[in-house]
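Chain naming follows the written order as A, B and C, and within any one chain the residues start at number 1.
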Amino acid sequence: MVGLSIGEKHFIQGGIAQDIRSDGRKRLTPRPINVKTGVISQANGSARVRMGATDVIASVKAELGRPTALQPDKGKVFINVDCSPTAAPMFEGRGGEELSAELSVALRHCLLGGKSGSGAGIELSSLVVVEGKICWDLYIDGLVVSSDGNLLDALGAAIKAALSNTGIPRVNVAAGASGDEQPEVDVSDEEFLQFDTSKVPVIVTLTKVGKHYIVDATSEEESQMSSAVSISVNRQGHICGLTKRGGAGLDPSIILDMVSVAKTVSEQLINTLDSQIAAAEAGEDES
Amino acid sequence: MEEKPSGSPASFIDKPVIPGDVVLDLSDMTNQTIKLGGGLRQDFDSIVAMKAGTLRFTKPNKYWVETSQKRYVPCVGDSVLGIVADSRADNFLVDIKGPTLAYLPVLAFEGGTRRNIPKFEVGTLLYVRVVKANPGMNPELSCTDASGKAAEYGVLKDGYNFDCSTGLSRMLLRSPRCPVLEELGKKISFEIAVGLNGRVWVNAGSPSLIIVVSNAIMNSESLTGVQQRIMVDKLIQNLKLSS
Amino acid sequence: MEYVSPEGLRLDGRRPMEMRQIRGEIGVVDKADGSAVFEMGNTKVIAAVYGPREVPNRSQQMNDRALVRCEYTMANFSTGDRMRKPKGDRRSTEISLVIRQTMEACIMTHLMPRTQIDIFVQVLQADGGKSRCLIAAIGTRSACINAATLALSDAGIPMRDLVTSCSAGYLNSTPLLDLNYVEDSAGGADVTLGIMPKLDKVTLLQMDAKLPLDIFENVMQLAIEGCKAVATYIRQVLLENTKQLEYRRGT
């Protein structure tokens, strides 16, 4: 599409410098967030998150698998994101793959922690059924349905909501299997274990436009950005992951400043998100 | 399906129609000339809607379907807001939210000659008039009114522009003036240019005023007249409190 | 297996002539020119229309009419089994083609020469329990076409008529309307039909398995009834949408 007019560009940049954005928000005010859980009935857990015109769906599917030899006491989590062509004609065919890959990698950085699996926002050891033999594999799929900026934060929120909506079936292991035999398991249809999501972080992306940075940028604002830093923060205020996107270089001192700002913003975000998730879950139970 | 073989045009006027609806039966309207506007087509003896919207009629004999879309279909005589996308030797290429870019001849300005060709950067916002709109050809624009005067057409500097639906821009241009503009105009001084292509430009004394005005306009699409007045009142109150 | 109980009820409790719950909503994707969600039972589909716009690939441009394109994608999580190879497989290409041809029949392409209209259909959820993705994909055709009709209409693309689609089948010597996944995979005949309700024309007709001619007539008649029921619903959605805009503008 043809981009913005010159006036519009100046207005966005000038407005941000004066702490007022084109939809009336201040620099550090996010858009209202709307969460709906249980939208995909075939998944173990799912959620749809809307922030303004950005609309994403995340689903969690659990399958029984074998832990890797290196980490016999941990389950596995796979995160994959797709950009639907409905969001923009650009994503048609293979056009969305690059952005999908970028988002998937950033989400893995922000939610899964290091190679050893330590420091992960998702508790991997709780996914083990029989150490070294059976564990749950969590497949987390994100889908971008409509895009108006700040996809990463929305996906992060959707995944957090989907995980709190996830019920993992209770597994009864038949006793008596020994040695190398794969033990027999009985997956319960009725009993589900709730997933502990208190440690799952939220992602806050600070987008730098001119000298200032803003949270929850719209796509118009993103088109004017010089660089962006995505920081994932959990409830305790710990930084769980960090990625920088965008071309321009950043002063290290600014990055530190951004991290501390992200920390304060994340507190509000976690609170609104938690209350939204609770409301969504309650609404789902009623209906 | 409910079939409505009624031939009387009054039955459908100002009613919503959807594609495929037969709105007029010509067989019992012989000796009459009618003019068809957008969204209607003739199929032998019947006039059929091809867009979802409201059927409108003006005397003596014009029929059209009023719609509200995000994309604009160029129509001769419409005043629109365009953004310069590229310039060629003889034409500027201008985006007017239509299916194709529109041509603005470099001479289509008041007193335009080869010697004083205006220089527009890519991204310049223009208030222009559609002068040719033939299917299959890029529409042609002009920066003058029908008598060759610049009138109010030309470059729009500064300010802020946003896209809306074509329905909203038509509402803003309607007379008597729509409530949101009337109320805003009583309390705030601002400049506005509305393009029929669903693009609106606003300029005012300070950025915060521009934002108040533009968001009030954007929100007004989903509100009734009374609600619009209430919303504007609230906004003005908030402005007074904060300043 | 018994698909219709002696009391005349199907596995999901419907009567043979009863459709699944349908629901449609317009304007769900903000950036698209037209968009809609359509649900038929457990199947949930989003369609977005972009255009008419300039043809990015000049060699495909047609001077006398618009180019209509369609892309069908299934979300990874849309079926019971998690899909491993979602994009560009043969099955989705085939469905894209079916949707494109069906919609092309109703779009007045000659009014918009040298332009392109893109229809993107995204399946969020396919009826199919814990199943293979292939059969589930077939079952979504009708929902895709209905969603595309709504989205095209929302985008204000000139159309001859709406296109609506519904399927019908034949199991246990009973014609059944709007097959669900279990019935679809039972191996009986399955007729998918798309019609233009006002013009009374068929734009899509597909059947697998064999049927005697007289029974086929019955099944097809049932499918036509189904399409018309969908059309009545879609009509209501569109009229409601226009009325709301009217009302708000206070005219």
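The rule is simple: a residue touches a chain if its C-beta (ideal position, glycine included) is under 8 Å from a C-beta of that chain, and two chains touch if they have at least 3 such contacts.
Remember, it's a predicted structure, so these values are computed and weren't measured experimentally.
Undergrad: Taking each chain's centre as the mean of its C-alpha atoms, which one lies nearest the mean of all protein C-alpha atoms here?
TA: Measuring from the global C-alpha mean, the nearest chain centre belongs to C.
Undergrad: Using the touch rule from the top, work out which pair, A-B or A-C, shares more C-beta pairs.
TA: When A-C is set beside A-B, the one with more contacts is A-C.
Undergrad: Can you work out the whole-Å distance between the CA centroids of chain A and chain C?
TA: Here the centre of chain C sits 32 Å away from the centre of chain A.
Undergrad: What whole-Å value do you get for the distance between chain A and chain B if each is reduced to the mean of its CA atoms?
TA: Centre-to-centre distance between chain A and chain B: 40 Å.
Undergrad: Taking each residue of chain C in turn, which ones touch at least two of the other chains?
TA: Within chain C, residues 32 contact more than one other chain.
Undergrad: List, in ascending order, every residue of chain B touching at least 2 other chains.
TA: 101
Undergrad: In the complex, go through chain C and note every residue touching chain B.
TA: Listed in rising order, the residues are 32-34, 51-54, 63-64, 106, 108, 111-115, 153-162, 196-199, 228, 231-232, 235, 238-239, 241-243, 245-250.
Undergrad: Per the contact definition, I'd like the list of chain B residues that touch chain C in the complex.
TA: Listed in rising order, the residues of chain B that touch chain C are 1, 16, 18-22, 39, 41, 48, 50-54, 67-71, 73, 99-101, 135-136, 167, 171, 179, 221-226.
Undergrad: Would you tell me which residues of chain C are touching chain A in their complex?
TA: Going by the criterion above, the answer is residues 28-32, 35, 42, 46-48, 50, 71, 73, 75-80, 82, 86-88, 118, 120-122, 124-125, 128-130.
Undergrad: What residues on chain A touch chain C, complex-wise?
TA: Where chain A meets chain C, its residues are 39-43, 46, 52-53, 55, 57, 59, 61, 63, 80, 82, 84-89, 92-94, 139, 141, 143, 145-148, 219.
Undergrad: For chain B, which residues are in contact with chain A within the complex?
TA: Touching chain A from chain B are residues 83, 85, 95, 101, 121, 123-125, 156-162, 201, 207-208, 210-212, 214-215.
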